[in-house]
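Have a look at the structure below, then the notes.
For reference, chains read A, B and C in written order, and residue numbers begin at 1 within each chain.
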Amino acid sequence: MISVKNLHVYYGLIEAVKGINFEVKEGEIVSLIGSNGAGKSSTLKALLNSVKKIGDINFLGYDTRNHKTHTLVQHGLSLVPEGRKIFINLTVEENLRMGAFNNDENYEHLRDTMYELFPRIKDKRHQLAGTMSGGEQQMLAISRALMGEPKLLMLDEPSLGLAPKIVGEVFEIIMRLRDEGITILLVEQNAFAALKISDKAYVLENGKIVMNGVAKDMIGDDTIRKKYLGG
Amino acid sequence: MFMQQMVNGFSLGSMYALIAIGYTMVYGVLRLINFAHGDIMMVGGFLGYFGIAVLDLPFGAAVLLAIVGSALLGMASDRVAYRPLRSAPKISLLITAIGVSFFLENAFNVFFGGVPKAFPVPAYLENVIDFMGLTMPVSAILVPIITAFLLAIILWVLYKTKYGMAIRALAFDVGTVNLMGIDANRIITLVFGMGSALAAVGGIFWAVNYPSVEPMMGVLVGLKAFAAAVVGGIGSVGGAVLGGLIIGFTEVVVIAFFPELGGYKDAFAFIFLILILLFKPTGILGIDFEKSRF
Amino acid sequence: MNNFMIKKEQWLKISFVVITLWFIWFANTHFDEYTVRILNNIAIFIILAVSYNLINGVTGQFSLEPNGFVAIGAYVAALLLVSPDAKQYQYAIVDPYPFVLTLHANFVVALLLGGAFAAILAAILSFPVFRVRGDYLAIVTLGFGFIIKILAINHPEVTNGSLGLNDIPEFSNLYWTGGIAIIAVITVLNIINSKFGRAMKAVRDDEDAAIAMGVNTFKAKTLAFCTSAFFEGVGGGLLAALLTSISPDLFDFFFTFQLLIIIVLGGLGSTTGAIIGTVLVMGGSEWMRFLDEPMHLFGYETAAMPGMRMVVFSLILIFIMLFAREGVMGKRELTDILKWRKKGGK
């Protein structure tokens, strides 16, 4: 679904991503794992052309160079950003509306679907989004992204700041989404949770991919266990 | 006498409020003090003058010309001068805004001349009527009424329409709006258009009340209107109106009761600004940027 | 190699100063009055530009203060320099306060007091403005300029209102303006290269990071602002003693706008740039006078368009911000460029 070749990301003079290659096939869950500052977030932002980059990115068969972020989103590439970035000054329902801004015909149907998937959100539909707990905000962020009917859903550190039980819930939802036919690209510091649900994984270190393979195999790998799974 | 001053205060305050709304909305989405905004008010006044005195249009048509022309100019200034600098350091944007402001003032100076032009006020607006025991020109009473009406429209747009919701979302974070598949830049330009339209109305009100237009008329008014926006709570439309009314009232009432302070009329806005920065920098309606806006 | 390079830098600086001093002497003895007048203007504006650059370019705080502080320095100096007799007859609106007639000081003290007043006012303004995170410095300084003008007009017992002050003795000559310009440039450069300067640049580059690193950003901003104000006040005094007559209209927004163009053109953050910018803008401004006059364009005669010069100025500023934001020097100084050359370029 998306293939990335020779991606470099620059912040000013600093090179955060130093030439990586990876791909995500339709229907897969792929994880990018690595410690803080390894370049994972930068990679996701680069796929949406939100940051300065060099590289070949092919999404659904066409070259994404020179496309603006919002156009790529309209074509099915969606991101649940780091820190969730829900519109705290808007209500829950307004957040969902924002997700389906360009989709007036389908909005109500999509919204009701989200309320079925995430009943906790439905209860708070007219509350300001900023009043919700961390886990609820994460649900809202995901459902907001889903309102755009994405083909490839990217999630940037979905477990950040969440209690372990909630993390479990979130990752279960991610698996269900894949079952519904959405391809997933996941960036995570919580390597274990990510590897457990992924098909494939890439390990990012200092802007380079140092390892990749089938996720199940990597859980058992010694180097991975020592560095990212707490030995 | 007191009632008379109250109406005058409302009138002046409404004019400041209309211009302050534009400042506060642009600041809310871009964190930019659009120095050229006060000059848009001037352009509105001049377009009205041009429509009546040169093009021989009826008053209503001239006002329409002023509003549409100013809105287009405001949107154009965003497209041409501010949008290319979206990712530039803030100071570049501020400097450019000053440049646009200075350009508008001097361009109109060259084109129309610096001498104030008498604004041709239609007779029905100059009619003096008996209002609650006072004799006042119709225009003085219409100003607050129309302003309240426009304010209601703006709030309706912001809270009851899709695009208004997008504007509020922009105030939280521009990048996230793009993530929704929305071209944030287009919405930003829309904000400029709305603010400029309101400023144009303010310009027409000003032109009708004084009644003249001159190229520098937006300078001091703009400064005070921005101070009003800060005093009321920058980023909040309600705050802009509140701040505008406060400053308008103060100017009128203080001068009415202490005419010897007349020369200092223009200093009050500045004093209020310093006071609010000292005691409550987020403004009277104290919108905390992290929590909510507008 | 390092030691050798440092010595080279010292030599460079000393020779610059010596050459400038020689040039001042040469110009003063050989050039005609018109040119000397322009050189005096340039020298004063260099003082103003390098200090304006300190708050705007080095510390990154957008400010519109110069016209206000220059006015203060000019009025303070004028009040101290105009003789009691001259004061007696020129206050035409109302009689001056008695203490106004007794105000007197020599030139140096007048300049220093003008600078001091400006710096004190700057310190007072700093408190409400720099305490909060926000972009209010620009609006506050813009308003400040207006307030100063209002005060000058509304207190004719002190300032002679709109008529302004005349018969200021013409103390300013190239030795004074040039000499103080040299002092100002050296002082500003020393501040920039000190730990204060590093704090200022940290505030400009990333204020959040600076705060996180423990930099006292309030102190850095206030220091930059007050230093700018001081030299602007001194410059105001020099200006008063050059023009021999000042009035509230002189210190309008265009005054600040010119300085803004100067430091932007030269390169925000570069002192060398501020100097280059001054020469370019002052020279260009003279040259552009023709824009305000009737012109012959393609065989047609256009009417005089006063204000066209200003339109062109504003377009130049917008153009620079859109297409050449770095200006001539960017953030670099002359010495940086020469070091670059020595290293063989990188």
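Quick note on the criterion: a contact is a pair of C-beta atoms (placed from the backbone, for glycine too) under 8 Å apart; a residue touches a chain by one contact, two chains touch by 3 or more.
Model, not experiment: these values are computed from the prediction.
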Exercise for review: Taking CA centroids for every chain, report which one is farthest away from chain B.
Suggested key: A
Review point. By C-alpha centroids, what is the most central chain here?
Key: B
Exercise for review: Let me have the rounded angstrom distance from the C-alpha centre of chain B over to the C-alpha centre of chain C, please.
Suggested key: 32
Exercise for review: Quick one: report the Å distance separating chain A from chain B, using the average Cα coordinate of each chain.
Suggested key: 42
Practice item. Indicate the whole-number Å distance between the mean C-alpha point of chain A and the mean C-alpha point of chain C. Key: 52
Review point. For chain B, which residues count as touching chain C in their complex?
Key: 31, 33, 35, 81, 84-85, 88-92, 94-96, 98-100, 102-103, 106-107, 109-110, 114, 219-220, 223, 226-227, 230, 234, 263-264, 266-267, 269-270, 273-274, 277-278, 281
Point to revise | In the complex with chain B, residue positions of chain C that touch it | key: 56, 60, 62, 64, 127-129, 131-132, 134-136, 138-140, 142-144, 146-147, 150, 153-154, 253, 257, 260, 264, 268, 305-308, 310-311, 313-315, 317-318, 321-322, 325
Point to revise | In the complex, chain A residues that touch chain B | key: 48, 50, 68-70, 73-74, 78-79, 81, 85, 87-90, 94, 97-99, 101-102, 128, 130, 144-145, 148
Practice item. Could you pull out which chain B residues touch chain A in their complex? Key: 162, 165-166, 168-169, 171-173, 175-184, 290-294
